[in-house]
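One chain, chain A, links the two complexes that follow: it is found with chain B in the first and with chain C in the second.
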Partner chain A sequence: MVRFKNRWLLVEFLPCPTASSSVLDTSSRDGPEITSKHIWSALKQSVIANFGDTGWGAMSSSLTIKYYSPTTNVCIIRVARDQHCIAWAGVTLMTSVEGRRFIPNVVHLSGTIKQAQMAAITHNRIVVARYRANAKRPTSYHDSYDNFLQSCTEEIEALQD
Partner chain B sequence: MAGKRKDIPQEMSGREKKKQKTAIARTIAVQPSTSGSATQNAVAGPSKAAHFDAAKGLPGSLDVERFAEARAFEINAMHTAMQNARADTAHRAWQQLPRHLRRRAASHDVRRVPLRLRDKAKAEMDTPKAKPKKHIPQRGQAKREQRTEMLLKRQRDKVWLESHIWHAKRMHMENMWGYRLAVTPTEKSFRPSHRASVHGSILHDASYLGLIEIKGPERVIRSIFDRCCDFQGPSACAKRFSSGARVFVTHFYRRDSYPFNLIAPVQILWRPLATSPPMSGNQQSATSQIGDQTSKQKRDGKTEKTASQPSEELQRTVWLWIHPSVFDEVFQELCLCASLVLELVKKANPSSSTPSEVEIADLRRDLNVFEIMGPKASQVIHGALNPVIEDGRNDFKKCWSSLANLRSAGSVPRNTVIGFKVLDPRLSFPPKNATVSLNSWNVPSSSAAATGFYPTSSLAHSDIWNEEIRQPLQKPKFKKSEIDQRRSQNLIPGTPLQSQRQDDRIPMLMIQRSVENSSSQTTNSPFSATPSVHGWTLIIPAGWSMAFFPSLIHTGTRVGGQRERQTQAFESSSPCFPRDYPSTSAYNDFADKTGKEEQERWNKKPRAKRPAWEKLGVRSPWKPDWEVVLGLAQPEPFEEKPSAEDGHLLASDRDERDLETENAQPAADSVAQDAVDLERSKFPSGTEQHAVTEDHQTTCRPWLYRGMGVAGLIASLAASNSTAASRSNIIFHFIDASRKKRNNPRLNEAAEDYDFSHVSPKDLYRSALVRIGLRLLGRGCPSDMAIIYEMSDEEVLRSSPRTAFHHDNELMEEDMDKAESISIPPQESIIGYVTTGSYSLSLGEGSAIGAVPLAKLVDLQIQAKRLGQSAMTAKVRDRHDVTWRAAQVLLMED
Partner chain C sequence: MYIDLNIPVPVVSTGTVVASKKNKGKTSEKNQQAQGQQIAVTFTPAQLTAIESRIDTLEHLGYTVLAFNQTAQKKIDAKTHVNTVDPLLQKLRKRQNITYLKRLTILLDEDSEKGFGLTTGNLPLVAPYDLIALLPTTAATFSQACLSYTVPSNLTAHIISLPLTLPRLPFNLKHTLVRTAIKNGAVFEISYAGALGGDNDPAIGNAGGSDGGAGAKRNWWAAAREVVRVTKGVGIIVTSAVTNIADLRAPRDVGNLLSMLDLAQNRAHDASTKTAQSLILRAQTRKTYRAVFSEPKVVIP
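Now for the complex of A and B:
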């Protein structure tokens, strides 16, 4: 059918420690909190710099930042299907947002937002599981956070109905 | 002119509002950052460390709790976002409800929507401004037509049931048998209704059933019934029935004319004797001296008690339920029969002084009948009704308490009658279904006596028989509004009302009802796979329909119309009156009516869009021609002459046949040239029928042979390796024997005024129809009026029995091809028609009920035996179809 088709990019911005600071260093956080608007303008700059006005003109009308969480740095970007390669390249070539350095990591590319959301859920689960594995904590190990996680999952499952 | 737009901030339009709403529904929640309050190193942290040089993958430090919390929040947010987006898309609040919970008023009244959806419904609702009430002028109020008058005006040519308005709002209504009856619910409910009858409960208002009351001496009533009812089964006066403990379900014939002139199935219920004395021997001897004066009273209204009650004669009352389409016929027949019997009594005892009287009264609008079918029916009744336990009715107490635990009414003895008195069910509205709680010693397999359902006349005792008690109850003493008013004065809202002295106590009857094939009980019967539907018939006085109805259906009982009732019969492979009773007058009316409707529909269609009956080889497309099938009449030639262009094989087939019928020279052996006749020569018996018709202009009409003995008789007919003549003698003697049992003259010695007098055994044999069930061997599903053909020996052998089907898939495919074929069998091999055919939900495949001549069925049995087949087979073909399919033929005794 004749429909407007989109692509949804699930991107995680990994904060990049500068030489003087560690990941959790206070100095990296003194600027204002990053919002989806900042991501949008940074992406715009990146596209203009790499693809010029043509590139930006082709994709600007369809580019939306659907979701950005400053706590987890996970971002969902929507772009028209025809131009999604430009957006993807623009995301990959981004280096900083608002003066802070990030490494963009595209986790998933999908045709519907639902698939992007589901990819975000699995990504989060995998990340937690990976840390767990790295810490050599078997799943049967019960620490104080397990209860918290348990209650979280219960809430989530209750929502799923 | 752009500047002309006013700068006033406008309210949002509907489109903008909707846009905003979807935007809100589609946003994904973001975890608010706690940068202000939290300590600075409390950061969730990235999922990966971006150390290019570092060998280790972990960041230097990580706040685990925050990290997990952030991830959990995000997972949660994604889930809710997905759910919100889905909920927002195209569904309105009421669309999320299952169909039976949707309410018409829910589009403007939020309170008609369940609480969980009320907020959503409120937001969606587009409330129009309240219109000012239309002013009704006060002056002409007296002249205006009252609502009751207006409704009565609509009932001039038909009768409404008491629950009519409830039904008319929810069901398709049709004029039938002088009533306006519900056909089927407006909502889609074919399959749910079947499920309800198998797993839940379904109610049908059967108040349209005609009720006749007969009062008189027991001996006279007995001889009336002995002349009119089925001669094969037990007598209507057998002790088990005449005690009033059970309803007798039988068939009504014209007086003395069994097996001809079947009228309809009837239910007969005797009023139990007041002080249940067993009928003693001296009672019987006393009846021989009964009086002579015959006086028959026939009134359409109520009857009062007869003053003269002979002391030595037991006066009994009997109720007789009958289908409304044959009410007049049965009523007249009963009156005639009663006068004949009374005359005989008078002749026998001319000296007796005491007169014996019989009263026959029409009680059509005096009682209401509800049929609740399904395994949950007992719980529904137990929950909705609140019986008044009278003293000395311990058996009823026991029975009522075990009713709550009854898993199926099928475990109660068939047709058990339970009589009791209940409080107004509106007092305890809303009802709650009883819950089944089975103790270990009270398992369902315990006997009827243990559960208290053993049919006795004391259990069947009810005041509903007494007209003096029924009379004042014709209208409920309190209106619903008055009861609601009383309820609103309850101190604790929601508690049921306490019954008071002035509240009505309604006498009623509860009768076990089973819709089942009579042979489904035996284990190796082919019908044992078909489920039976069990339930109860509730009989309540007139005027109380709408007091009982809401209580009975409040707990989710479905309501069915005529179609649902028919489906119940079809699913349990039992015949449904009148559609499965060929040869009865009610069936002829039914067939005429449906045939006419179909013909009208057919006539409206253009030639290309309607089946060409002639080409399809359909002899009578609108109504089954039983006379022709039986060989009692000649097939009518088609009016339309074939056009020139159809010169293919089918047309030539037909031309040949037309020629033959016109020449009236049906001796088959003389014409054996072309393919048609070759085909026909496979059916040696099929050629006989025409020869007989010519020389014998018989008055014999088709008759339906049914009853317990049919299977045995057919087996004996098929066993005797004899001619048709000896077979007809066997059945003639068989019928004579059952007539003799009821002291009726032999068939050929019957009085002149019967249309079957001087019937010969031959005519008797060849005009008999038998009902059959059809199970297809392969795919397919026969529809109503499908044509049944006989099969040649090779075809029978080719279509292997159904047992072979389910073993091997490949074999099955192969067999399916064999079991059906695209060719139209010759009209001469038609042996019957399907009366009801459909997809059977309980069997999971197509199934049909039909009728064939008895002679043909015997031929089929002989053929099956000769070929070593376990079951009889026949072809069945829909009228409008060119494919015939092989089907197994099962004999239905019922």
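Now for the complex of A and C:
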């Protein structure tokens, strides 16, 4: 049938490490908060600069930023399937959002929102596990990360197509 | 397993040269040893932390095999060449899942047409490196690189990298040259630093002027597409070669970027995995006779 197909990109924005800190540091964020609108406009600039008006025109009608969490820097983007390559390349060539530099890292690409949600939850758990491994606490220790994971999971599950 | 074969080693200030001009009377072996100990390579702590954080980022993005690249201008000479990669590798922290490799890139321009030091005489200089790469900037050096230096031997340069951001690729990529190089086992390198418009390796910047910003990006797209067309997608590896950590990208992102260059998706993915892996294995055959892969064992019945 002529069903409209989408692709869901799960992107993690790694805050750019300065010479003294590394990617795994959770240093305090300075500057204004970033929202999904900022990401949308940064992606728009990146696609227009690299693929021109044709590229942006092709995917703009189907591009939506579905979810962005400033704490984990995880973003879920929905594009139409035919243009998902342009959108993905636009994300890769993006260098900064609102003046702050990031490294965009596409973690997962799927065709349904359900898989994107599951990938996002798994990714959050992996990141928290990494933090915990760095802090070297025993695994049964309950810390603030549990509540954090719980709230993130609820936010992600609440997404709808 | 994702492989990144081009991490530029920062240009270092060499330590004090212990001048001993009295070598003339000594034996040749002692001469060489004295020369090797003369120049001490020191890395400042700031440079070391920068490199460590770059490796952290690469590990986070999923790369497991990294090669540190030292660029030599024009030619390598026994008298002036200092191996900066070895001391660097000794200073870096050991990481469990990551393999470090050593690579030497020789930048070729008009002066190198007569010879740039990749001879059997310089074998001890070149032997410690796992991979040798050539970066030709003129047509003559390009044909030299493709035809004579990819032939299997102790000195084979397995990687041919092209300066993709120069205003106009100075030479036509002739199909026959490229095909011979690939048949001999060489591989063409596309570095994605040009697409992001990051700061160029100063070594390449000296070679011919890459205008930074929008011009460089356009040239990158044109030149990279040309390379993909001429090689038909076979024998391509993709590397980072970025000077700024902010320009590093995850391997699948880079694969998708290459598929925008009309490279089939599976080949784009192979560019950072299978092709690179077989290249590293092939480069090890520099140490064997006539690029034979395994050592035959004599079995006496």
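Please note the rule applied: the second predicted complex is superposed on the first by the 118 of 161 C-alpha atoms of A that agree within 3 Å, B and C clash if a C-alpha of one lies under 4 Å from a C-alpha of the other, contacts with A are read in each partner's own complex, and residues count from 1 in each chain.
In the analysis below, contacts are C-beta pairs under 8 Å (C-beta built on N, C-alpha and C of every residue); 3 or more make two chains touch, one makes a residue touch a chain.
As the structure is a prediction and not an experimental result, all values here were calculated from the model.
S.K.: Regarding the shared-chain residue A:C152, is it in contact with chain B (first), chain C (second), both, or neither?
M.R.: Once the two structures are laid over each other on A, A:C152 reaches chain B alone.
S.K.: Scan A:T95 for contacts with chain B and chain C and give back first, second, both or neither.
M.R.: In the superposition, A:T95 touches chain C alone.
S.K.: More residues of chain A in touch with chain C or with chain B?
M.R.: With both complexes superposed on chain A, more residues of chain A are touched by B.
S.K.: Which partner does A:K66 reach: the first (chain B), the second (chain C), both, or neither?
M.R.: In the superposed model, A:K66 contacts chain B only, not chain C.
S.K.: According to the stated criteria, A:I121 is in contact with first (chain B), second (chain C), both, or neither; which is it?
M.R.: After superposing on A, A:I121 lies in contact with chain B but is clear of chain C.
S.K.: Give me the intersection of chain A's contacts with chain B and its contacts with chain C, in residue numbers.
M.R.: Common interface on chain A, chain B vs chain C: 14, 16-17, 22-24, 103, 105.
S.K.: Sort out for me which residues of chain A touch chain B in the complex.
M.R.: So the residues of chain A touching chain B come out as 12, 14-17, 22-24, 26, 29, 33, 66-74, 76, 103, 105, 113-114, 117-118, 120-121, 123-125, 127-128, 131, 134, 145, 148-149, 152-153, 155-156, 159-161.
S.K.: So in the complex, the part of chain B that touches chain A is made up of which residues?
M.R.: Touch list, chain B to chain A: 28, 30-31, 33, 35, 40-41, 43-51, 57-62, 64-76, 78-83, 85.
S.K.: What residues on chain A touch chain C, complex-wise?
M.R.: Listed in rising order, the residues of chain A that touch chain C are 14, 16-17, 19-24, 50, 85-86, 88-89, 91-93, 95, 101-106.
S.K.: For chain C, which residues are in contact with chain A within the complex?
M.R.: 46, 49-50, 52-53, 56-57, 60-61, 195-196, 217, 245-250, 252-254, 256-257, 259-260
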